[in-house]
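Can you keep this structure in mind? I'll have questions shortly.
Each chain gets a letter, A, B, C and D, in the order it is written, and its residues are counted from 1.
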Amino acid sequence: MIDGCPPRIPLSEDDIQRELDRRRPGQSAITTTRDEADHCRILSGVFEGQTLGTPISIIVMNKDARPDAYAEMKSTYRRPTPISPTKRSTAFAIGRAAAALPRGRPSAASPPVPSRAKILADLFPGFELLTYVNHVYDVSATIDPDGVTLEQVEANAVRCPDPVAAEKMVAAIEKARADGDSLGGTITCVARRTPAGLGEPVFDKLEADLAKAMLSLPASKGFEIGSGFAGTRMRGSEHNDAFEMRAGAVHTTTNHSGGVQGGISNGEDILFRVAFKPTSTIAREQRTVTAAGEETTLAARGRHDPCVLPRAVPM
Amino acid sequence: MIDGCPPRIPLSEDDIQRELDRRRPGQSAITTTRDEADHCRILSGVFEGQTLGTPISIIVMNKDARPDAYAEMKSTYRRPTPISPTKRSTAFAIGRAAAALPRGRPSAASPPVPSRAKILADLFPGFELLTYVNHVYDVSATIDPDGVTLEQVEANAVRCPDPVAAEKMVAAIEKARADGDSLGGTITCVARRTPAGLGEPVFDKLEADLAKAMLSLPASKGFEIGSGFAGTRMRGSEHNDAFEMRAGAVHTTTNHSGGVQGGISNGEDILFRVAFKPTSTIAREQRTVTAAGEETTLAARGRHDPCVLPRAVPM
Amino acid sequence: MIDGCPPRIPLSEDDIQRELDRRRPGQSAITTTRDEADHCRILSGVFEGQTLGTPISIIVMNKDARPDAYAEMKSTYRRPTPISPTKRSTAFAIGRAAAALPRGRPSAASPPVPSRAKILADLFPGFELLTYVNHVYDVSATIDPDGVTLEQVEANAVRCPDPVAAEKMVAAIEKARADGDSLGGTITCVARRTPAGLGEPVFDKLEADLAKAMLSLPASKGFEIGSGFAGTRMRGSEHNDAFEMRAGAVHTTTNHSGGVQGGISNGEDILFRVAFKPTSTIAREQRTVTAAGEETTLAARGRHDPCVLPRAVPM
Amino acid sequence: MIDGCPPRIPLSEDDIQRELDRRRPGQSAITTTRDEADHCRILSGVFEGQTLGTPISIIVMNKDARPDAYAEMKSTYRRPTPISPTKRSTAFAIGRAAAALPRGRPSAASPPVPSRAKILADLFPGFELLTYVNHVYDVSATIDPDGVTLEQVEANAVRCPDPVAAEKMVAAIEKARADGDSLGGTITCVARRTPAGLGEPVFDKLEADLAKAMLSLPASKGFEIGSGFAGTRMRGSEHNDAFEMRAGAVHTTTNHSGGVQGGISNGEDILFRVAFKPTSTIAREQRTVTAAGEETTLAARGRHDPCVLPRAVPM
């Protein structure tokens, strides 16, 4: 359910479905083989193809859940769901395992961002949001965030616009699957032609809100904007983005700030990266503890992605 | 102003002053020489040494502001305050520069975290929050987050508990000041004996709220929890924190998760790092643009920290 | 979607259905004859009959919508939907009319309160929430809020536990329907054995949150707690609730405060009333204006409740 | 502290002081004789007479508190502060009594509304907010909300623009003071030339937010918008506000809705009323209970308003 969308923005089920399809597993050899139909329906908030200003409810029914594949996890903690020193967290632990069953939660946790991008593009002509896989495990891509296009991102199964690196990533993911193992990586996000002035200077800084949104995605472990962690190894005189006049407007010569300064977008491209850990549910047997406190081992059954990165891109 | 604190927690101006003093500039050769008195007064919410459950107002009056040092910045954009393609962001830009004058804002932007730590310690016996400088520019420390103590952190001016690295950091910062330049770095935060069960599983995940809080600090550019960005170069079988029984309780053998799994604290130490860019206001002359759109240069006058890391630790 | 519910609270579709059925139209001669199936399904957040601590999604599909009955309202403003001096509010106006079509919105606007009451009763033994119709148009009931039971409320179609007044209310509503007109009234809510200490003293007072919740219900125009508007005609010495010891506990001799003092529940029964205007969509012809700015008349077709009060009780 | 104000709105300490002065006690014979200086200072968020877009901090120091007048209330519950069946609410009870000491809280609880009105008037030319006393105890005024002016409101000590009723109100309040008693009443608020389209259709309806704000004021017990509770005694055909064209714009012939329909302002005047109970702290002796559970009596010392209505107007 999405609240706060302005009225009269064109929005259809097809707009949303297109992005959901990108996130669906079973799209290629390297993702899980579950066939989740994921057909969306807009239940409210849109009338004759336009938003109404009222809350927009979207539902996606999962047609191919197999609860029995998760049965063992009811009493044996899946690596890594919360441990249970207290009753409260036991309930949560079981909750997390079970949460995968109805599969409604991931949609709630990660509202259809691309639809938001579409809405933003309607409000701010020229606005464009582009996301791609930057590295997987030990394979790093070489990509110019200024020039990359959606076609390049969608050209391969890993959604990495560097075709040489993409091939190596596919090989690495396939090897991990064969080993009953999994891989993590990083994703880059570029928001082009963002209007200046978004964000608040103290309590709801734009970079702070972006960090919260990204750390809300399952399996994410880190966020950096602009120069990020690497920028801590630069001197101020190198790092500062000098101002210059370009085509009659104030611009920065570099973009170490990542398009956000002091909580407010400055009109340059917004640029950030998100770290995703290797999927925790793997086929290999691993040590864990039962609800009764006995040590045991658990090997995940069911069909699991050895690498969430390609599917994380549309999220 | 802090709302939501439970009643009957002991809290005094001294508790807060102690932490404010740690953040004050002019504490050592490597920080700015401004003598800001920063004496705090609790205006409401505390009665006879205990919190009342009502909002707590704390005020810190700055005794040593020198507005004239900032005068030039009114029309020449300080590196990096927001640029001004629109009227709206011009207002913000000037606002940011001016915000430094009354100096009330930084306190608002970074509420007295240590007082919160004190409150948490009252609620959860044994809870301990420890923060230290992990690296500055090209100097990295070697620190065991499990064993480090507050005394070790406070033993030197950079608040880095590795004394050898600390000495090198001081030298690097002094050289940067001599050059009219500045340095960035990373800070590590450990929260020990945190109760399990804090955080929400979907909409207000603990790691997401921490990320937002950290990216709200001035000059921060990145956040990572547990294995963070480095964890993206591990395989799932290495990365997963296996569960085991220890002293009658469920624990994890490793702590790649950083004490938070799926949005909820798991009872292990919470462990995260924050990246701070090199201070942007430096004495060296740099290119910028005036409000009238003319290119010029600007060299910051006034007294500025060449490295915010030591003072960011108590924040 | 309900977030923030603690884990391990028993909750079933039947618990919710029972309350939804009470709200359904077509329950008696005096409510609309639309047969909305309103069968609910819990989509997430509940596992094996217990809440998980994750967000709870509940869906109710409407089986009997008749969009054609609303067609005329697309360009002729229904009394009272927002007027349209601006494009923005035009969109909203149409939105409001259309919002009735999918019928998902009213559920969102008024989350299943009785399920919340059930959850509260699980958390606080003895807690009981009871709501009833207090007056309709010119018929006022005589009811002792301390003694009234759910059975008395459900004993008649108007949900007024005073049987004599109830009969007059039914007659008044039937007459209004025959006239193509509608009636309003007030509802009383009693929350018994509420724990003391709920609510915040300044920014989220309990009475303020209750007022916001009640004014969020469709057609509500007023809220009063305890002595309310009538209490403004008492002197302080009469109005003050004196404290006394009763059965070993501090109690008040009267309850003019309505169980909430200074934002915080005091352990006495919480007592408030809500005013609902007469339904605006009526069969009689009324003056209005078209989207093109031309004056016209509009008589609602479709099946509409002449009085929302009985159905507002479970909301 | 006020967050979210747009930049470049003219705002001065004088703008705020003028309204604070209206709220100050000791302005006339009928209010308390405490001489609270209430001089405000803007600490941040305003630069050279204009808002910056950053949070605005305003402080008012109280120069004339007399803590000893409140000493007895530390262990004897003031009528009506929360009772104390639990430790938690005991703390709150004491908190509430003590909260009056620093006197900063009431400012926080009721942010300077007139400054907001000023800001709104800058954003929406012609916007005007007018509030007045409508009735006190058994004296009701006859006032046309369309024609009333600020001058008429400020013409007498009770801030009631009906001079005949005002005189009776003053007499009633003076009699109550002589009796050691107190009186309540109602206040009316009119917001003229409010833009259409404010408010959200489902989750943050304008009338719901107004109700929450009003029930956050100390001593308020009720809220009604437009026809309010009286409207429940009208038929739909009378109550509905018919639309008509007036001066080329859509208007309503009546304003029973109070300018808000379905959560959204419709461009008509916003009109609501708030009920305030008689002040609870009175000079007469009343029954209460000590913290030790013993019954006793308490007569308030100190200087207390026998009627908060005149001072509630500017709040």
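The criterion applied here is as follows: contacts are C-beta pairs under 8 Å (C-beta built on N, C-alpha and C of every residue); 3 or more make two chains touch, one makes a residue touch a chain.
Owing to the predicted nature of the structure, the values given are computational and were not obtained by experimental measurement.
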Most distant chain from chain D by Cα centroid
A
When chain B meets its copy chain C, do both sides use mostly the same residue numbers (more than half shared) or mostly different ones?
same
So the centre of each chain is just the mean of its C-alpha atoms; given that, what is the distance between chain C and chain D in Å?
27
Quick one: report the Å distance separating chain A from chain D, using the average Cα coordinate of each chain.
47
Rounded to the nearest Å, the gap between Cα centres of chain B and chain D is 39
Contacts with two or more other chains, residues of chain D listed in rising order
52-55, 88, 92, 95-96, 99, 105, 108, 201-203
Within the complex, chain D is touched by chain C residues 77, 79-86, 88-89, 92, 95-96, 99, 105, 108-109, 135, 137-138, 176, 179-186, 195-197, 201-203, 205, 207-216, 218, 220-229, 231-237, 239-245, 249-253, 256-258, 261-264, 266-267, 275-280, 282, 284, 286-289, 293-295, 306
With touch defined as at the start, can you tell me which chain A residues reach chain D in the complex?
3-4, 52-55, 200-203
